[in-house]
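Here come two complexes built around chain A, the first alongside chain B, the second alongside chain C.
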Partner chain A sequence: MNLVEKILARASGRPSVEPGEIVVAKVDRLIMHDLSGYLTSQVFEKRVNTPIPDPTRVVMVFDHHYSPPTEQQANVLQHNRKWAAKHGITLHDCGNGNLHHAAVRNGHIKPGMIVVGSDSHTPVHGTLGALAVALGNDSHAGTVLPYGKAWFKVPATVRVHLEGTPNPGVTPRDVALWLVGRIGEGELNYRAVEFAGPYVRELSFWDRWLFPLLCVDLGAKCSFVEPDEVTEAFVRTLPGGAAPELLVRGDGDEAEQVLRFDVGEVEPQVACPPTVGNVKPVREVAGTPIQHAELGGHGGGRLEDFRAAAEVLAGRTVHPGVRFNLVPSSREVFAEAAREGLVLALHEAGATWFPPSTGSNQAYNMGALASDEAMISTHARNFPGRNGSPDASMYLASAATVAASAVAGVITRADDERGNA
Partner chain B sequence: MRFEGRCWRFGDNIPTDRLVKTQHVLEPMDVIVQHVLEDLNPDFPKLVRPGDIVFAGKHFGQSSGRAIAAKALQATRIGCVVAETFARTFYRNCFEIGLPALEIGINPDLAADGDRVRADLASGEFTNLTTGRTARGAAADPFLVDMLDAGGLIDLAKSRPEVFR
Partner chain C sequence: MTGQTFAQKAIQRASGTAGIVPGQIVDAYPDLYMSHTASWRCIRTLEKMGVDRLYDVDRVAMVMDHISPAMDAKTAAHHALCREFAQRMGVKHFFDVNSGIAHIVLMEHGLVRPGQFIIGTDSHSTIYGALGAFGTGVGFSEITAAWVTGKLWVKVPESVQVVIDGELAPGVYAKDVMLKLIGDLGADGLTYDSVEFSGSYVEGISVSERMTFCNLAMEMGAKNAYVAPDDTTLAYLDEAGVPREELEVLLPDPDAAYRATVRLDGPTLAPQIAVPHTVDNVVDVGDVAGTKLDQVFIGSCANAKYDDLVIAAEVLAGHKVAPGVRLIVTPASAKIMARAAANGVLTTLIEAGAMITNPGCGACAGNGGAMTDGETTLSTANRNFQGRMGSYHSKIFLSSPATAAASAIRGVITDPREVVAEVVA
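Right after this comes the complex of A and B.
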């Protein structure tokens, strides 16, 4: 069995499981943000409303809001706080960062766990060697909260094997975006996706994070990187430390299919409107005007992103026609950015810091666009209608490309921007 | 489980954000339902009738895992939703809330707006009664059919708690 199969077998009390089987398995963590928590609590209260036997498994992070701009939104947060307090659910209130980053940074996610949530990027926790799956509100309300369990169909696994050496200026996010374009949206529907190969092995934990993050756009159910010494070293830095008894590794070659890619072919990439799969080399859309740039979102707002931006902005300033917004993914990232001098450097270059949150994700607290505006960001989604006008344009790229575009006022490769200076 | 009705055709890769736009997520369902898919077909929320069938392309319902998108489509009182392929959270949510869903594989020109169509979840068969063309998808898993019969996952868990204890 591989990691996914082993975790599902253990959590469903079976000696083994096979792809296609439906099992009912014990869930270790339910993670929700302010919107999914609200919707789940409403279904739970109206239709289930039992005690929650083990509320320590349930975590809510307010990340779409850092400070509610309307009474309606304030009411949503207040409702969530009362619901969490009533049941003993762990709550990280406004300002604690993005759901997935805050869940990891606060020690809620460990290798070998089954993690569920409504947020579609929940599978990102496969980076730690957890089995992490997005389920809907009715699963949470109907089975996860009252019984601590959920139903799962055991997925077949596709291994994405990445090898080769990236060209200078090509970052892991470029490789991740390129893969979505190469494999295609929805093409790995219902599969588990393992990211493997020498390229993946050499990445740091937070660079690996960008790969399981994208699996939802391929249609996958979940994704993982086989835990290794990078995973173990990272987990030791988290509150609660390592949980070696939870560490699960696969037995070998249990993949239905292996897709091999040479990352040496990749150049800087950008996902263009209207979907995440519309990926092009940056040079094909270079010169497109943008008015907003942002480092933030489920895959952005990492320390690595702010370092990359500071490098691009060294000796330069943000274009006067661009608002360049910086949204740390967690309080820990903001603290580290401050210690490294990135906070002041990027502030003085003309960028604006926002509270740790999920930033412009769906524009609940920031980032709505007028119909003739465009944004380039490290966010994970660019569907029309998510951020203000459905006619606005959203581009997704690496932190280096976002920063270079913020300087130029048009979509630009970071190496071209350096050449122009 | 057989459904027959008037077809509404939608394209590929339609995200939940177009079923329920961001600005409506926190609104009551009677408001949300007036805007379902309106950016893609303004007539749909105005003219959809009970028993109609939505037929979409590839990877329908991608993006958010929140069940509210499937619930909004259910609130239009369509009979069932058919797609070439579904995003998996959307497919799961359909059964969990009691909205029948049939996946038929890639068949781009099988039906157009206004065609009379029939979907059979038990056999996986989809028939365009206007043109006579047919396609056969995978029959729904028996566990999912039980879920639909129960009225959705919450009702299933209430009537058969031993499954989840």
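Right after this comes the complex of A and C.
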């Protein structure tokens, strides 16, 4: 069995499981943000309203809001706070990071766990070797909260094997975006997508993170990277350290299909409106004016992103027509960025720091665009109307491309921006 | 004939009218017209008037501070309109959403100078008196009119001297002095008066503390406020890049006529708190110590300057914000953010559990920090009116940054002298 099958077999008390089987499995973690927590709690209180056994399994992170601009939005957060306190649910309040980064940084996710959440990017926790799946709010309220369980149809696995050496200036984020374009949106419906191969093995934990993150756009049920020494070393740095009793490694080769790619073919990429799958080489849209740039969201706001931006911005300043937002993915990243001097360096280059959160994602607390404005960001989504006006445009790219574009005022390859210096 | 007050001299300079007296109405030509995020209202009014020529575009200063960044497509469109207008008209002093609070930004950039007459679309424009300028708040229509005609009528105010002598006790700050004065004199105590601060305490304080003074003078009804420029002022202006030879310092005459003189003794003052729901409802911190808090806000043009953040960081160093309490810190300007990032103040605040937001008005102007029914915030801002921060059924208390930081650690309103003593012991 592979990792997904082994986790499901253990959690459902079966000796083995096969793709297509439906099992009821014990859930180790339910993670929710302020919006999904609100909806889940409403259904739970109205329709279920039982005690929650083992509420320490349940984690809520306020991330779409960091500082509510209206009383109505404050009411949502206050409702969630009271609900979390009533049941003993772990709450990370405003300013502690976005849901998935805060969940990892605070030690809530460990390899081998079954993690569910209503955020569509929940499968990102497959980076740790967990089985992480996005469910609906009603499923959380109806089965996960009262019973600690959920049903799963065991997915068939597709292995994405990445090899080769990336060209200079090509970052893991470019490779990840390129894959969405190559494989195609919705092409791997309900599959478990394993990211493997020498390219993946060489990546750091936070660079691997960018691959399971995108599986939802392929239509996948979940995604994973087989845990190895990189995973284990990373997990040891987390609060609570490793949970070796949960660790699972696959011992079979159950992939239904293997997709092989040479990352040497990749050049810097940008996902253009209106969907994540509309991926093009940066050079094809170079010159497109942008008024907003942002490092943040589940695909950005990492230390790696701020370091990359600092490198691009060294000796340069943000274009006067551009607002460049920096949104750390967690309090830990913000503190480390401050200690490393990245906060000062990027601020002095003309960028603006915002509280650890999901930043402009869906524009609950910031990041609304006027019609005809455009933003380039490291966010995970670019659907029209997600950030203010439905006539605004959102482009998704690597931190280096975002930073270079913030300097140029138009979409630009980072190596072009360096070349212009 | 008796001598002249600062207000008489400033309005005489701005109006070109000699020998003016309190109560007289004259046309004055402001040196600077400040408008904030709501500049779009002025632009729309201008369009309705069908005018496209400004009297002097170099006197226009726009700062996108009250809603920064945009919270929805509508405010994003307002910002876009202001940017487009500034570019089309050649407004040099345009400061976008990443700059900070208008008052602080303009002073840091050397746009506020002693003796000037400055109007702004914000009631706390009295703050410009910290540099010896005449600053006063006006409406959007007045700003639009000044854009076109270059002038605005003004009634010459009477003047009141406020004299504060002696050092303050440790743990007591400029904010406490002002809250005490506002409490004693009342929200209408100095209505339409020009307030001249003086005394040994005022002479010894920084420009930042003088900003807190002149900012909060508005809450006693002042038309404008003033601290006589001295070496401290000159050093600040040097740093802001104002050439000394361009300075036109105006000092009141020793025999000027004042409507009243108010005195306050510095050394006997305790930390003060303005309790809901008016700024003049002021008590000693001990009277409300123990009041449970949900949120603490260190921000606003009154108290989010660099030294305010330093004081907060000193109190918070080695402590954590109490569980269940949200501490929001909003630096007043991008320059202040840079200083705080450069020397570890920011790191201390982040590690203590504060949430640092982008520079601007933030929660003070209702863009963030909204409360729900029954919640309580302790704020370093200048207003605590009912419903200003979200729910009509929430409460705002006002204090100094030291009291705010100490209270964030304990989760209840706390005399900062207790926490500082704890650190020393």
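One rule holds for everything that comes next: the second predicted complex is superposed on the first by the 421 of 421 C-alpha atoms of A that agree within 3 Å, B and C clash if a C-alpha of one lies under 4 Å from a C-alpha of the other, contacts with A are read in each partner's own complex, and residues count from 1 in each chain.
Keep this in mind: a residue touches a chain if its C-beta (ideal position, glycine included) is under 8 Å from a C-beta of that chain, and two chains touch if they have at least 3 such contacts.
Keep in mind that what you see is a predicted model, and the values were worked out from it rather than measured.
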- Task: Mind checking the superposed model to see whether chain B and chain C fit together on chain A or clash?
- Result: fit
- First (chain B), second (chain C), both or neither: which does A:Tyr147 touch? first
- Message: Taking the superposition on A as described, I'd like to know which of chain B and chain C A:Asp93 touches: first, second, both or neither.
- Response: second
- Query: What is the contact status of A:Ser389 with respect to chain B (first) and chain C (second): first, second, both, or neither?
  - Reply: second
- Message: Just to be sure I read the superposition right, which of the two partners does A:Phe334 touch: chain B = first, chain C = second, or both, or neither?
- Response: second
- Given the touch rule stated above, what does A:Gln362 touch, chain B (first), chain C (second), both, or neither? first
- First, second, both or neither for A:Gln73, with chain B first and chain C second: both
- Is A:Ser204 touching the first partner chain B, the second partner chain C, both, or neither of them? neither
- Query: Which angle, as a multiple of 10 degrees, do chain B and chain C span at the CA centre of chain A?
  - Reply: 110
- Superposed on chain A, how close does chain B come to chain C by Cα atoms? Whole Å, please. 9
- Task: Please identify the positions on chain A that touch both chain B and chain C, taking each partner from its own complex.
- Result: 73, 363
- Message: Show me the residue ranges of chain C that touch chain A in the complex, using the header's touch definition.
- Response: 69-73, 75-77, 79-80, 96-98, 326, 328, 334, 337-338, 341-342, 346-347, 350-351, 354-359, 362-363, 366-373, 375, 390-391
- Message: Help me check something: in the complex, which residues belonging to chain A touch chain C?
- Response: 66-71, 73-75, 77-78, 93-95, 323, 325, 331, 334-335, 338-339, 343-344, 347-348, 350, 352-355, 363, 365-371, 373, 388-389, 392
- In the complex formed with chain A, which residues of chain B make contact? 13, 15, 17-18, 21-22, 25-26, 39, 58-59, 62-68, 70, 85-89, 92-93, 96-97, 141, 143, 152-154, 156-157, 161, 163-165
- Can you name the residues of chain A that touch chain B in the complex? 22, 24, 35-36, 38-39, 43, 47-48, 72-73, 76, 117-120, 122, 134-139, 141-143, 146-147, 149, 151, 153, 185-186, 189-190, 216-217, 219-221, 275, 277, 362-364, 381, 383-387, 390
